[in-house]
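Consider the two complexes below, in which chain A is the common component and chain B and chain C are the respective partners.
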Partner chain A sequence: MMELITFGDTGWGDELLLSMVMTILVSTSSLAFGLLIGTIFASFKLSNSYVLKTIAEFYTTIVRGVPELLVIYLLFFGGSGAVMYVAKIFGHMGYIELSPFTIGTIAVGAISGAYSTEVIRGAILAVPKGQFEAARTLGMKKYAMSFNVIFPQVARLALPGIGNVWQVTLKDTALISVTGLVEIMRQSKIAAGSTHEPFLFYSIAIILYLFITSISYQFFNRAENKFSKGFVREGN
Partner chain B sequence: MRFELMYESFFKIIQGIPLTLEVVFLSTVCGLFLAVGVALMRVSENKFLSNPAYYFIYVIRGTPLLLQLFFIYYGLAQFIFIRESFLWFFLEDPLFCGVLTLTLSTAAYSAEIIRGGMQSIAPGLIEAASSMGMSKMQRLRKIILPITIRQALPAYGNELILMVKATSLISIVTLMEITGIARTIISKTYAPVEIFIVAGSIYLLINFLITRLIKFAENKLNHGTIY
Partner chain C sequence: MRIFKVFTTLLITLSLSSFALAGDWSKIRVGTEGAYEPWNYTNAAGELVGAELDLARDLCARMKAECEFVQQDWDGIIPALVQGKYDVIMAGMSVTEERKKTISFSSAYMTEPAKMSTLKGSPLATLSTAKNLNLDDDSAASKGTIGTLNAALKGLRLGVTAATIHEDFANAYLDVDLKIYPTQDEMNLDLSAGRIDAALSDSGTIEAYMGTPSGANVTFFGPNIFGGLLGEGVGAGIRQGDADLKAMFDKAIAEAAADGTIGRISTQYFGKDLAP
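Up next is the complex of A and B:
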């Protein structure tokens, strides 16, 4: 049984390791994409515009209320069509096919973005009002205030929440295996199918996921400490 | 937008609602009982009780649900001694495996919610109860559980919504619930947007009703509580 997980042509070790890299890559890019969306929609939610608020509310309600798998199917079957539709407006007529990686990143990113929106919104609201007022009193422009005063604090306040979003995002990437992207889930299924050893390979997949979650847990803990450096909690 | 197709597929997709609700109901009920047990083990001072609970929660929360489902449905089926035992009667059934996976999953997540609720109880309350001569069981039944339920309810409401969403995964092991039917129609008609709107609305409606139900229960339980 051990020869099945060796490296090289006879074993599945290298394939599994590569699939783990793929899982980490697609999770990271989804999280990054989700944070971008989350920042935009959080600012929508906190804006004074009724239209922007409604759009953001609509997005988070739908994505958080509909199964992840359904969102992935929507983008898997409809993603290329949508891109071609947009391309047509710009005069491009050919057939465009999105890679499973792109579809996965967009789909999981969109899901993760809905959760990030709430995390970032909460973090912005948690920045003391005095910070905004002080920045304005110093004559800072809106962008200087956002980037130099508010954003660094939001990053610190949002970090624990983003850690949770990361764990959820990582697990959601297993669903992209239905689109054919060879990440841990898909690779272990292929290996299980061709060796008739599903128990072994799904156990390995469990260990690989636990490995990533444990490492990233420590990573976020360290990051939290780093970001909180020099920050004294009120009352201390 | 193909409205006629949406109209037609609506009647096909709603046929999946009973299965979705059945799986949600079975696994939340079983999962809740299991969760209370796991949470009690987790807070126990006995290492032989708290460690298994800790690792159970760690493994379930650290791995994707789809993988857990495949592990139970395909992984366990590999062994001949399982296939020859009475267990096979259950494990060869995708519905049983789906419910089992979701039960274990919600048990782990809910156990953490319940634990959080338990730990929010003021120690003075438990001390007061024991100084009045209440036994351990009495304290659990009359003081700890009622307060825990009230504290944990909002978070448990979120867990219920996650459960409804999680049932969509059983469509991957051939069960035709809402998402399964939706997927079949999408691959036949190639109208992902239309079908997404129909199936998505059904899920949103179910989740909306659950949110209302939990809000109602919260109000009911908080009746007479002064903040």
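Up next is the complex of A and C:
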């Protein structure tokens, strides 16, 4: 059985390793995309504009309220359809496919972004009002205040929550396997179906996912320490 | 920041859209699952192999077309065809009335009866029935065979794979405690574990499982079941608008069946002749 997981043309080791790289790529870019959206929508939610607030509320309610798989199906099959429809108007006939990687990143990023929005909003609200007032008193411009005073504090408060979002995002990437993108889940499905050894390959998938989560745990721990300089960390 | 550069380069490459033009059929894109041994699967080198891959290459040579294979998960294999990701599905897909509502099919290139299996030692293993059950045949003998099956399976748990002709058959003809599985492999494991009393599937896939250590204790019972809602066999799925492509496949399949190519390929992979 062990020859099945060797590297090279006789074993699945290299394929599985590549699929892990794909999972890492797709989940980190989804998280990054999600954080970007999250920051934007969190500021919408905290703004004074009724319209912006409603837009952000609409987004987080919808995306957090429907199954992740549905969002992926909608973007993958619906997205290509929409692009082809637009291309047709401009006279281009034929098939255009957005790569499963792009669609997957957008779909999982949109899901991850909805959760990040709430985490970031909570973190901004947790920064004491006095910090904003003190920065203004010192004559700081809005931009300088956001980046030099507020952001480091938001980062410290948001990191534990973002760590959670990261884990969810990582696991959501398994759903992209339906689009044919060869990440850990899809690769272990292929290997299981081709060798009739589902138990072996799904166990390996578990180990690969756990490997990524334990490495990222270390990373988040370090980041939390970095942003918590000057604070006594409670818990662990 | 070398790692950052590598990362961004990878991202840019990955997000480029692929692009294809419809038109003449000198180039045909064949969609397959690549995880359904021995029909279509992936070897450890990551290459697509299997009976349908060999057959597709042969058919393409007959049609003087260049074939390109596209891998797609089974969930979504029909929507991706309709969407245009590839032109043909060759993925062990049975021709059924239900699927014909969405896509059209070439004539069947391989046929294989459905069969039930159970563990050796189960009372079902010694059940005696007619050898064949043709669902197109409405005779009393057919009804008797179905009656025998229902009596034997009364109160027992029967496994089928979701969205297959086998599930349709079980719903229409059998009165059992039906357990529906997403994949054949999960059903196989539960059959070996005794979590279901019997399984209904293509005879070939379960035969492959019987060859593995965990499947050694599995055996067939009951008749070969075919015809009616079990469909005509396994065919190539084609978009409804592409009647010209369907005609090309029908002609090539008829030639391959006539000159023994399909028989040779199926014997190589299934150990028996599945030519229609």
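We take it that the second predicted complex is superposed on the first by the 215 of 236 C-alpha atoms of A that agree within 3 Å, B and C clash if a C-alpha of one lies under 4 Å from a C-alpha of the other, contacts with A are read in each partner's own complex, and residues count from 1 in each chain.
We take it that contacts are C-beta pairs under 8 Å (C-beta built on N, C-alpha and C of every residue); 3 or more make two chains touch, one makes a residue touch a chain.
Small disclaimer: the values here were computed from a predicted structure and weren't measured.
With chain A as the common reference, chain B cannot sit beside chain C without a clash. Legend: residue contacts after superposition of the two complexes on their common chain; A:62 is shown touching chain B, with no touch to chain C. Of the two partner chains placed by superposition, only chain B is touched by A:206; chain C is not. In the superposition on chain A, A:178 makes contact with both chain B and chain C. In the superposition on chain A, contact of A:77 is made with both chain B and chain C.
By the document's definition of touching, of the two partners only chain B reaches A:214; chain C does not. Of the two partner chains, chain C is the only one touched by A:186; chain B is not. Of the two partner chains placed by the overlay, only chain C lies in contact with A:101; chain B stays clear of it.
Legend: residue contacts after superposition of the two complexes on their common chain; A:196 is shown touching both chain B and chain C.
When both complexes are aligned on chain A, the segment of chain C among 5-13, 185-193, 203-211 or 239-247 whose C-alpha atoms clash with chain B is 185-193.
Residues 73, 76-77, 81, 177-178, 189, 192, 196-199 of chain A contact both chain B in one complex and chain C in the other. Contact residues of chain C toward chain A in the complex are 7, 10-11, 14-23, 33-37, 41-46, 70-73, 75-76, 79-80, 83-85, 183-186, 188-189, 208-209, 212, 215. Those residues of chain A that touch chain C in the complex are listed here as 4, 8-12, 14-15, 25, 29, 73, 76-77, 80-81, 84, 93-99, 101-102, 105, 177-180, 182, 186, 189-199.
Contact residues of chain B toward chain A in the complex are 58-59, 61-67, 70-71, 74-79, 161, 164-169, 171-172, 179, 182-183, 186-187, 190, 192-193, 196, 199-200, 203-204, 207-208.
For chain A in complex with chain B, the touching residues are 61-62, 64-71, 73-74, 76-78, 81, 167, 171-175, 177-178, 184-185, 188-189, 192, 196-199, 202-203, 205-206, 209-210, 213-214.
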